[in-house]
């Protein structure tokens, strides 16, 4: 297992956000976490990347216990993240934001920069615009592009499709498949469960801080309970006007 | 200018609530909105869609007085509101939510809504300091109204919680309740469904309808096509700050320009 | 007014050299503010420690006398290093003791501000009551007295009509501008500099980029402190005297300069410092020295009324969208 | 608080204190109205017998206790209440608050010595004048955000002091002497017998004002403090208080929700200034002479420290903070020249120990724990020496 | 309250002044003078012993006022020497007056202090009107200066003194200009430039030596060669030290006091100088003798059997005894009777006496 999360508990002050979550991600997989608002998906990702301390439990990466390793060192070890809320450096230009992605790398990142520009031409157009003045979706592209620049072994994506236009959403999921094909492991958090399950190998369902279900993605896609709760009862029906 | 013409939908009364006339908004070299004309009628749910960076949020910012348009006029309920102070715009009957939730994080949910309700209260310092009856009545009314609204948006059980501790979806609802508390005639919702799962989106859809049914006009930005197609009376599509299409949902769905610029595939294909 | 016209160059040069010192001290405020959003009130004591470091070194190795010419440049370089190390080092310790625990707890900036004020009082008194008496062999009641050391031989190096520039002022001005340029290049061109800016704008995301925040904060304090230390060396070159509270007024002025230029903006610190120094001098010439500080603060208010984020605006971190 | 078992005793003690103050607050919040009134009354009775010698001998072995109670303790408390409106409630950082205190003091001195108004008249005039100066300072500068405002207020404080120093009409550096005491209201003496003597206030003439007996002044200060508390408390629980809170949280959003932010910020400034001015008037009448150097920047800083130390935004906390900040340096006078040194160190330690203040408001506590726009994110990383204590770290 | 209200066999006399601040150099000597007098008295094994209690106001009014209250209400002392500076006196004296505590300042010279009709206030030195006039006359007569630049530190002491000197030299026909400085500042170059523009023959500084030294240094470095003069606040070696090198050389300092380390003035003065040197291992300095004399006034009162503040104050109205520095005798407004002003010159580390301001000259 590349990433093993074992029975972690995490608190915000007195509030327990995670009450014993265990998740495993194998090298080369795309794993997705789905769940309602406030289920603890973001918290799980933040805990993996070292932004939240554990109350108990452990996180192992590549066989090593990293529960106490500071966040920046985890990045060096190969854990990259595109955070919820995008986390754009508002006063840095688009290029500088992207370069920050390569902060922890020793090798040349010029080629990757070109690739990101290819994926998101808008970013190339706006190279020198301050990150903070980009539109919501543009920022989302920037955040994903920047995460790609870290060249991680496992990439944590927190709702990458949020705020993106439909056309781009399709593209994002294509990109995820593509980078996975090239060897990057992905842990994906999505509200857009339908599409997430389509690109993922396996999935976990979180509810109020606990894992309530885990299975092959395709299995969940057809699980009636999951469909009802997370894929929208009338996922197809809702396309037309009226209920 | 767009070549499409506005088709009044059957649900609207036909009287314009909000009119944007030749609005242009420039930021240095970036032209975020370019000569935009838009008319939203009273009582309709009007959706504004378009690719990322098309200028949708900027429209909201211009309407609510966050930005003063470089050119053009904003007319609301018959009078110009561009150049007015932001709080005056709100008092005048325009309220909004934000693309990135902006609650008063550390106040309780109820207090957040009460701040909205205060928009129409008059008590000044003296009234509050002396505890005049007028003031006490307003306080009571505000509280009652806030409670009702929280029930209305479906988060009555969260009343006393600190706003930032609410799950994201509830925060969005709370933002809506807060905006409703200012008693708007026109409600602007900026991607209210972002971060919600499909089930929650369906609930939201119902909520937006109920808001419209209380006699308010709703202007909505969303990227979720099933939601948009499900509830909008009319839709306008922006691209590069210009209106590339306007019309009924069914027309928009099949508009080739919209598909090329925005949808990628026809909306009902997903 | 007459004074200003008849003594225009002296006033201008004095303003520049005063402003240069303001600017260097302002850099420390601006850097720490940019990263931590903290008005580091104890920065004035970091400066003070620099002056005593310089003075202590002079005492330790024997106070030279009448150093002029190139020897003075050399001495200035050595003292700048001494001051830089003393101040930079103590700034790092200060961060470790007074701010880091607060950071760990996610304290508010207000709490940190009070900690800074406490640290400022503490350091002042520590020097007045213990360090100065010990290091300079004074009775402990006398630690509040100024300590002097006279070593500079001043003469005019440039002399064109009314324009006279003395060697010490020249070193101060050139030294300050040089340091500023170095720091600017460092912050904008190096990786550590980029890390500083990223941390300033969004520390949490910076962690996700692999930035070691503790190291960045340490570096920020070290750099800002070192600048104050260089300022302290230049200050000693000019005034040859210091006491436990030298930093107080100077610190307030330097912070004013930082704000005037646009806090968080390194170039703003330079501009703000120079503008403030020159305006203070002109103001004194016109209204009398008793109005010097009133002029300084009034100019600040005026500038901010028209440019609410200072002359050059913010930069290390910008208003979030 | 999580997992307190593997924490050191100090941290546990802190948690204990924290949950104790929480439960106290809960009980207070749910207490019936009459119970609260009983507590209020008790508090006032305690305040009245506070200057008693018996208490003083413990509280203040080095200086005259009633005088100390009047100023700095009473004075700081009043000033902290005023500054709390600006900093704690509206979230505006004011580093020049002493200016309003000075304006009040000078109002007392000028109107008392040159126009011969009586203390009570001047109290009104002084309060109005300071409120007006708050508006004059605020109107052009409240557009500024955050620390730009802080430095401008600091500058304002210095400007006021230096102008006083340079203006001969008000005595320049000599200030103004011979400020009249308030007129004696009554020669009435608290009977010097059993009961009153036992509680230590026998023989006091509470309505006769002289330079030496601090008690009558203390009662005036007490009265002003109580009035200020009532005033401020009512505002806090009203639309005004909510508006301030919303401005503090997100000014843009507040304005977009219909809050006239400028007006409310100005009001906060004016009210803070008025309270500071009242403090100045009372102080001036007792000091009999004031000079510009009575109003240094460090006093602003000290009051700010009081507010934050006690728990910015929470009135009882703020008052506790002011009390400590005024009292500790006097209580440790025995340490002689080391007392400021110790005081500085204590400030740092207290902030490290309880960054949210001793009695934080619940709202503020959350905010501080979150470290909004503050240093929170800078400690957000796991690892480092105090890992576990980072349980409260926000994002 | 329980303390003995004097009257026992111990009386406490206070000394209040700047004992640890940056100008403490001119306050420690009078304190030592007072200490010497009291120790000598106690050594005679009198019936009523006297204790000297010090109050460190750091020269600041806001610290002096509460200390004064404390001295009256808590420590219940019988008399106070001090406060030493004019500013703190202006603030603390009204309290002493209301508290009916007799006080003798050995050094506060501000003229206005005598104008309040205070009954308990006294001082043992001539005021700044006398001092300023003396120095002013010396500038126009002794130095024959035609252009005089006045600098002062904007303090309660420095400003009026500077202004008196200014008025006096103007009366003497000199042209003047003026610029105050902030004594806490470090850069006086604006003032230096103003002086240069004016190019005076003499510069008078009203203020304390800590700032005075810095000022001289910057004036000399700015190329100003005019003679520097100052008042009692600068009469300390700290002035020359602060000025550095020989910058202060030849400066003239006035003082309404006679410093007489060699004991040439009188036998009493000689004995005092010897005793002082023996006790403190230093020559008497500024106001040592006045401190000694102020203590002597209280000692005389106690000797005459007065131990309460009231009675001691009554005694002070009548006291008339030759002291070390001058006759110990007060006018009804509390001012001393003697009014001599002396000038001293800075010579290396020393401050030799030039003579009386009226007739002294410099080379």
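Letters A, B, C, D and E name the chains as they come in the text, with residue numbers starting at 1 for each one.
The rule is simple: a residue touches a chain if its C-beta (ideal position, glycine included) is under 8 Å from a C-beta of that chain, and two chains touch if they have at least 3 such contacts.
Chain identities (UniProt): A, B = ABC transporter ATP-binding protein; C, D = Branched-chain amino acid ABC transporter permease.
What you see is a predicted model; the values in this text were computed from it and never measured.
A.B. asks: List every chain that touches both subunit A and subunit D.
C.D. replies: Correct list: B, C.
A.B. asks: Spelling it out: a chain qualifies if it touches subunit B and also touches subunit E; which chains qualify?
C.D. replies: A chain counts here if it touches both subunit B and subunit E, which gives D.
A.B. asks: Greatest Cα-centroid separation from subunit D: which chain?
C.D. replies: A
A.B. asks: Which chains are joined by the largest number of contacting C-beta pairs?
C.D. replies: Top-ranked chain pair by contact count is C-D.
A.B. asks: Just give me the whole-number Å value for how far the CA centre of subunit B lies from that of subunit D.
C.D. replies: 43
A.B. asks: Please report how many Å separate the Cα centroid of subunit A from that of subunit B, as a whole number.
C.D. replies: One centre to the other, that is 29 Å.
A.B. asks: Return the distance between the CA-based centres of subunit C and subunit E, expressed in whole Å.
C.D. replies: Taking the average C-alpha coordinate of subunit C and of subunit E, the gap between them is 37 Å.
A.B. asks: Multi-chain contacts in subunit D: which residues touch at least two other chains?
C.D. replies: 165-166, 337, 366-367, 369-370, 372, 380-381, 384, 390, 392-395
A.B. asks: Could you list which residues of subunit A touch at least two other chains?
C.D. replies: 12, 50-51, 70-73, 133-134
A.B. asks: Among all residues of subunit C, which ones touch two or more of the remaining chains?
C.D. replies: Touching at least two other chains: 141, 202, 204, 207, 213, 290, 293.
A.B. asks: In their shared complex, at which residues does subunit B touch subunit A?
C.D. replies: Against subunit A, subunit B makes touches at 27, 30, 50-54, 57, 99-100, 165-170, 191, 194-202, 205, 223, 225-227, 229-231, 249-250, 261-265, 267-268, 270.
A.B. asks: Give every residue of subunit B touching subunit D within the complex, in rising order.
C.D. replies: Residues in contact with subunit D: 64, 66, 85-87, 90-91, 95-96, 98, 102-107, 111, 114-116, 118-121, 123-125, 128-131, 135, 138-139, 142, 162, 164, 178-179, 182.
A.B. asks: Write out the stretch or stretches of subunit D touching subunit B in their complex.
C.D. replies: Per the touch definition, subunit D meets subunit B at residues 231, 234-235, 238-243, 245-246, 249-250, 252-261, 267, 271, 363-364, 366-367, 370, 372.
A.B. asks: Within the complex, which stretch of subunit C touches subunit E?
C.D. replies: Counting only subunit C, the residues touching subunit E are 2-3, 6-7, 10-11, 14, 18, 141-142, 144-146, 148, 150, 154, 166, 235, 238-241, 243, 245-246, 248-250, 280-281, 284-285, 288-290, 292-293.
A.B. asks: Touching subunit D in the complex: which residues of subunit E?
C.D. replies: Answer in residue numbers: 1, 20, 56, 60-62, 65-66, 69-70, 72-74, 87, 90-91, 94-95, 98-99, 110, 112, 116, 154-156, 159-160, 180.
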